[in-house]
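Listed after this line are the structures, all set down as structure tokens.
Next come two complexes, and both contain chain A; in the first it sits with chain B, in the second with chain C.
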Partner chain A sequence: MNNNILSAIFSAEFAYSVIRVTTPLLFCALAALVCNRGGVLNIAFEGCMLTAAFCGVVGSAYSQNLFVGLLAGLAGGIGIMMLMGYFNLILNANVVLTGIALNTFASGGTVFALYILCNDKGLSTSLQSLAFPNVNIPLIQDVPVLGKILSGHNVLTYVSVLCVFLVYLLIFKTPLGLRIRAVGENPSAASSVGINVTRTKFTTLFIGGLIASLGGVYMSMGYLTWFGRDMVAGRGFIGIAAQNLGNAAPMATFIAALFFGFANALSNVLQTQNIPSEAVQAIPYVATLIGLVAYSSSTRKKKTGIKQLKRRVPDGL
Partner chain B sequence: MTKSVSKSIKTPKEVEREFDILRVLLGMTIALCIAFLIILLISKDPLGALKSFVIGPLSTLRRMGNVVEAMTPLLFTGVAVCFIFSANQTNMAVEGGFLLGALGATIGATVFHLPPVIHPLVCLLLGGLFGAFACYVPALLYVKFNSKPVVSSLMMNYICMYIALGIINHVIRDPGAGFPASYTFDETAQLARVLKGTHVHAGIFVGLVVVLVGYLYLYRSRKGYEIRMVGKNVNFAAYSGMPVNKVLMNSQLIGGFLAGMGGAVEVLGMYTRFQYQGLTGHGFDGILVGIIAGYNPAIVPLAALFLGYIRVGADVMSRMNDIPIELVSIIQSIIIVLVVAERFLYKQKHRKLVEVAHKELAREEVAANE
Partner chain C sequence: MDTVVLSMENITKVYSNGFVANKNVNFSVNEGEIHALVGENGAGKSTLMKVLFGVEKPDEGHILLHGKEIHIDNPIVAIKSGIGMVHQHFMLVPSLTVAENMVLGMEPKKKGLFSMEQAVKITEEAATKFHFQVDATARIEDLSVGKKQKIEILKALVRGARILILDEPTAVLTPQETKELFVELKNLRDEGLTVIFISHKLNEVTELCDRITVMRAGRTIGVQEVRNVSESDISRKMIGRDVQLNIQKSRAKPGDIVLNVKNVTKYSRTSAKKALDGISLRVRRGEILGIAGVEGNGQTELSESITGMDKEFEGSIQIGGMDVKNHSIRQAREHGLAHISEDRITYGIVGDGSIEENIISDRYYKPDFQKGPLLDLRKIDKLADELIGRFDIKCDGRDQPIKMLSGGNMQKVVVAREFTSGSSLIVANQPTRGIDVGASEFIRNKLVELRDQGAGVLLISADLNEVMELSDSLIVMSDGKIAAYFEDAAAVSTDELGEYMLGIRTMTPDKIRRVADND
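Let's turn to the complex of A and B:
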């Protein structure tokens, strides 16, 4: 049995599936990264992705056009983030509680709309929705093992990897990124040099919503080809954890997301073995807890090294 | 003379409280209005749907019983949230704690065999301890490792879910049940029905006791004061010598214990075996109840009654008409955002506060001149 597991893990299929399940986590982690840098980290990504997944399916089913579906998905997800911004930035509502509210709204609202549209509370299979195609990469697909692992993924998977670099460029190499970081690190200082803090935070939320929505669209138009009730299943939260673990740096976040993807894929593989599936399905969440501890204790050492400050600094979520 | 005058003028604190209440009531009203609007727009029989939503829960004794049944677990999770959120900790593991509490009670009710009154008490205690464990982990991670409880508690919920399902499915699963469920509970462990024709069970009384004790503890005891003070201003609490970490742990352990007890009461009162397939949502409902109640256990029964009522109303409507029960989630989310939005009604509150201050000044001037 152990040999079975090992051979299952050290196979090209497994590496392929790691990348496949990492994609939504990576999108969400990058979105959380941008938001964390801009000082607007929140937990509404779950609802954002769910809404995007739903709107994407509905948009593509009614227009029979992939691009319209994508746009609808993005609009839905960004809409949730804009609501987050409105309540948090304009009405000064607590960010966590607003996040809970928006997640509840997305979870209930999508099922509500699903029932109205296709008279089904679980799946959208009665809608003729479209999906993004898988693409083979010309040269790499011919390389023996590597081709099997890296080629033939959904087009959005490649977009997600591209996003790592785009986010890096955006945050560290553009004027907008500088503004985002300035507002995130010290809003008063940023405001004193003439940066419109509220507008910058809205921009940050917009970008975050855009990236997270891509993850949501991937869930229902790539990973699966339909929308299912609560299909995001905590990925929005794991994405935040990955970003925490990666200390809001693009490459490190990418690696952290891969780690959670690995745990996820591992649980998928082990489920086929003779191990209680519940123990295995809990792996990504336990890994997240351990990751949070590792991250937090590493930052604590740094802080106490400089000065024995017993203040509780809000450090992400 | 001056005393009677000062009584007629409201203090700023009173004005603030008035506006807090107003905001909650207005939030609930707006949310319900939006729900009515959705019903009017979508339903083919809007008046029938509205009727079942608004007065459906009162139409039969059975449905009134349903309201009480729905509010019973919310009393526990609502008070649990009062404890945790009063300490300004956003530990959402009450959700997982509820399920683990149900698991604890299931173990107590299937493995042990005890005489009547003692058996449910042991089950409740076991459920409470299991629930406390759920909230203990995120609390410990914060106190020891400074990792905020938001993400860790959300992760904990999923872990609790898999712990509960794993134990039910592999250790105490009843193969004869025909679906994934535990063995049936001992009769001695089940909570007695108290109203004929409904499922209302003794848990409602346990819940009301929890509300009372929770209120006395949180608002009338030294420890409760510490919890609220740490929540309001942790630096002030630390400088005045309160053991902040201990207070944080304390509040969350109590919260987890109560959530677990809620899960225990729910399974022992409503079911004859553990048959949940996932998280139940009672914890997040508890957060809404806590928010509406302003984290004051004394108001939790009203808030729980409100939520129970609209839930049963939506349930009646979804069965009689064409509106799905998920309408409740939409109502819930609107209430939460409006209640927690500090700027909502801020202008009106500010104007009122200024008015009060002017009056106070004028009165002082008159007193000085005299």
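Let's turn to the complex of A and C:
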């Protein structure tokens, strides 16, 4: 049995599947990264992705147009993020509670809508929804092993990798990125030079919602070709963890997302083996916990107690 | 020659809670002058400046800039009208570079992307023009407080400020940095800019400023040429009575040793330097031992070590014979320690807590304040009311959140707690920093009173007048070491003290050792 597992892991197919399952995590992690930089990190990505996944399926099914499906998915996910902004930035509601509420709303709301549309509380298979195609990359697809790993992925997978670069560009090389970082770190400094803090935060949420929605759309129109109840399954949280592990830096976040993707793929492979599936399914989440513990203990300074308190107090107080 | 560049006429501001912060205030400044705005906490200076900078809207009155009325509805309008403000809490983004902070909100672009090159250029040009020395590519978080302040000033200048408001700029600076700042401010004045300098420190006002406006209880009391007034004149105007600049106190009658610091060495957290280098001293009951010195020469580390907040040091510290290293802060407090921290907001108070809760935070667990498993609230209420009266805390009542109080009244709450815990050793670190003259005087007198009742006091202060007036004997700290010890603080001159503080002179180890002699 061990040999089976090892040969399953050390194969091009396994590496291919790591990239495949990393995609939604990467999207979400990048979205969380942008939001973290802009001081609007929240936990509603789960609901955002789920709504995007659902709206994408419905949009494409009724229009029979992939692009319309994509737009519908993005609109749904961004809508959740805008609600987040409205509650949190305008009504000053607690960010954690709002996040929980929106996630619950998305979970129940999608099932409700699914039942109305498909008369089914679990799956959207009765809808003729579309999916994004897989693409082969010329040249690379002919390289042995590497071609099998890197080529033939869903188009959104390539978009997610492109997003790593785009997010880097946005955050560190554009005036908007500078403002996002300034607002995230010291809102009063930003507003003192005339930056509209609330608007910048909404913009940040919009961008975060857009990126996370791509991950949601990928779930139901690439990774799978139908919408299933609660199909995001915690990826919205693992993405936040990956971003945290990557210290809100694009490249490091990418690597962290790959690590969680690896755990995810591992769990998928092991499920086909003769191992209790409950234990196997826990692997990505256990990996998340281990990752966060490792991260926290490596960054924790030697000093504890009162000294730590001091560091948390903002400069100048 | 004296052109009025800005005048505020008949400004009245009533806050929504009915508090009249400004009442028919008239204030005007000339081109090319440094104008001091002084007054006790709560006198209305901050409100007036907030009105000028567009943070608060006045209920009455108007503002004239170059003779024309302008409406400053928000800080952006103020900035566009050439008014810049340097806040006490810096408006900088720590992880960004100096240049990025400088151009924030007006970022230079190249092909749609942010142009760091141009940002650096803008910064360097401004620095050259106004004679500031800055490193445009340094990160803010790596800079000293003094440097950060320069960046703040430059930031306002880059945005075209011709009138600069500085809100207690020297409160955070070392004497050297203050000197540098004054030179730069005078340069700006000579180039025709106007500086409004808000301060509590009268000696700085007389050194730096051309004219002075005094505010008291929401009104302007008068405008004068600084060279025509004395410090005691200003002080009398500010609080409406004579301040006793000399605390009356009898000779100390030292008793038993309550604090014994032996050979304490501590390494700095940020560098390989020794923050404390073989410090030995002792404090006896009934005396005040003052520690003078430029800030950052080990005073903070020493007070944190003594009060048990930082136990990573070599050597031994005993409070009333108890070793602080092996005991908790509560045990140290029960053994007679009282502590006024230099960082009031972080360690002195719980901002969201009420005055009452802050007062009992060191004693709530004692049987005295318990009734079965519950707190004896009636008793606690009584105590709070009594202390609010005794310590003259100006507030709406014991349930008011402490963060609503002015700095002076906040500190009075801290003092009300620390001075009534029946302690035998009081570590007072910058007890009167940033608070008004009246409250400072009150706290100083209390310290002397407690000394007379037999407590030992270790007083750490950057305010030379304060340490010299209050202390019975005096230490000067320089570079983590004791540079000088004066058995009789009254016999020391400021000049002498200054030389030891700046490390120009150091006493022989023999003389310094006397501070630790347990005779």
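Just so we're on the same page, the second predicted complex is superposed on the first by the 301 of 317 C-alpha atoms of A that agree within 3 Å, B and C clash if a C-alpha of one lies under 4 Å from a C-alpha of the other, contacts with A are read in each partner's own complex, and residues count from 1 in each chain.
The rule is short, and it goes like this: a residue touches a chain if its C-beta (ideal position, glycine included) is under 8 Å from a C-beta of that chain, and two chains touch if they have at least 3 such contacts.
It should be emphasised that the depicted structure is a prediction, and the values quoted were computed from it without experimental measurement.
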### Message
If we overlay the two complexes on their shared chain A, which of chain B and chain C does A:T174 touch? Say first, second, both or neither.
### Response
second
### Message
Applying the document's definition of touching, compare chain B and chain C: which contacts more of chain A?
### Response
B
### Task
Kindly classify A:L97 by the partners it touches after superposition: chain B alone (first), chain C alone (second), both, or neither?
first
### Contacts of A:S188 with chain B and chain C, given as first, second, both or neither
second
### Doubly contacted chain A residues - partners chain C and chain B
310, 315-317
#### Entry: Of chain C, residues touching chain A in the complex
75-76, 79, 87-96, 100-101, 104-107, 109, 112-114, 155, 159, 269, 309-310, 312, 343, 345-347
### Query
Once bound in the complex, which stretches of chain A touch chain C?
169, 173-175, 177-179, 181-182, 185-186, 188-195, 303, 306-307, 309-310, 313, 315-317
### chain A partner contacts - residues on chain B that touch it in the complex
42, 90, 92, 137, 141, 145-148, 150-152, 154-156, 158-159, 162-163, 165-166, 169-170, 234-235, 238, 284, 287, 291, 324, 326-330, 332-334, 336-337, 340-344, 346
#### Entry: Touching residues (chain side chain A, partner chain B) in the complex
43, 87, 90-94, 96-98, 100-102, 104-105, 107-109, 111-112, 115-116, 121, 234, 237-238, 240-241, 244, 276, 278-279, 281-282, 285-286, 288-289, 292-293, 295-297, 299-300, 310-312, 314-317
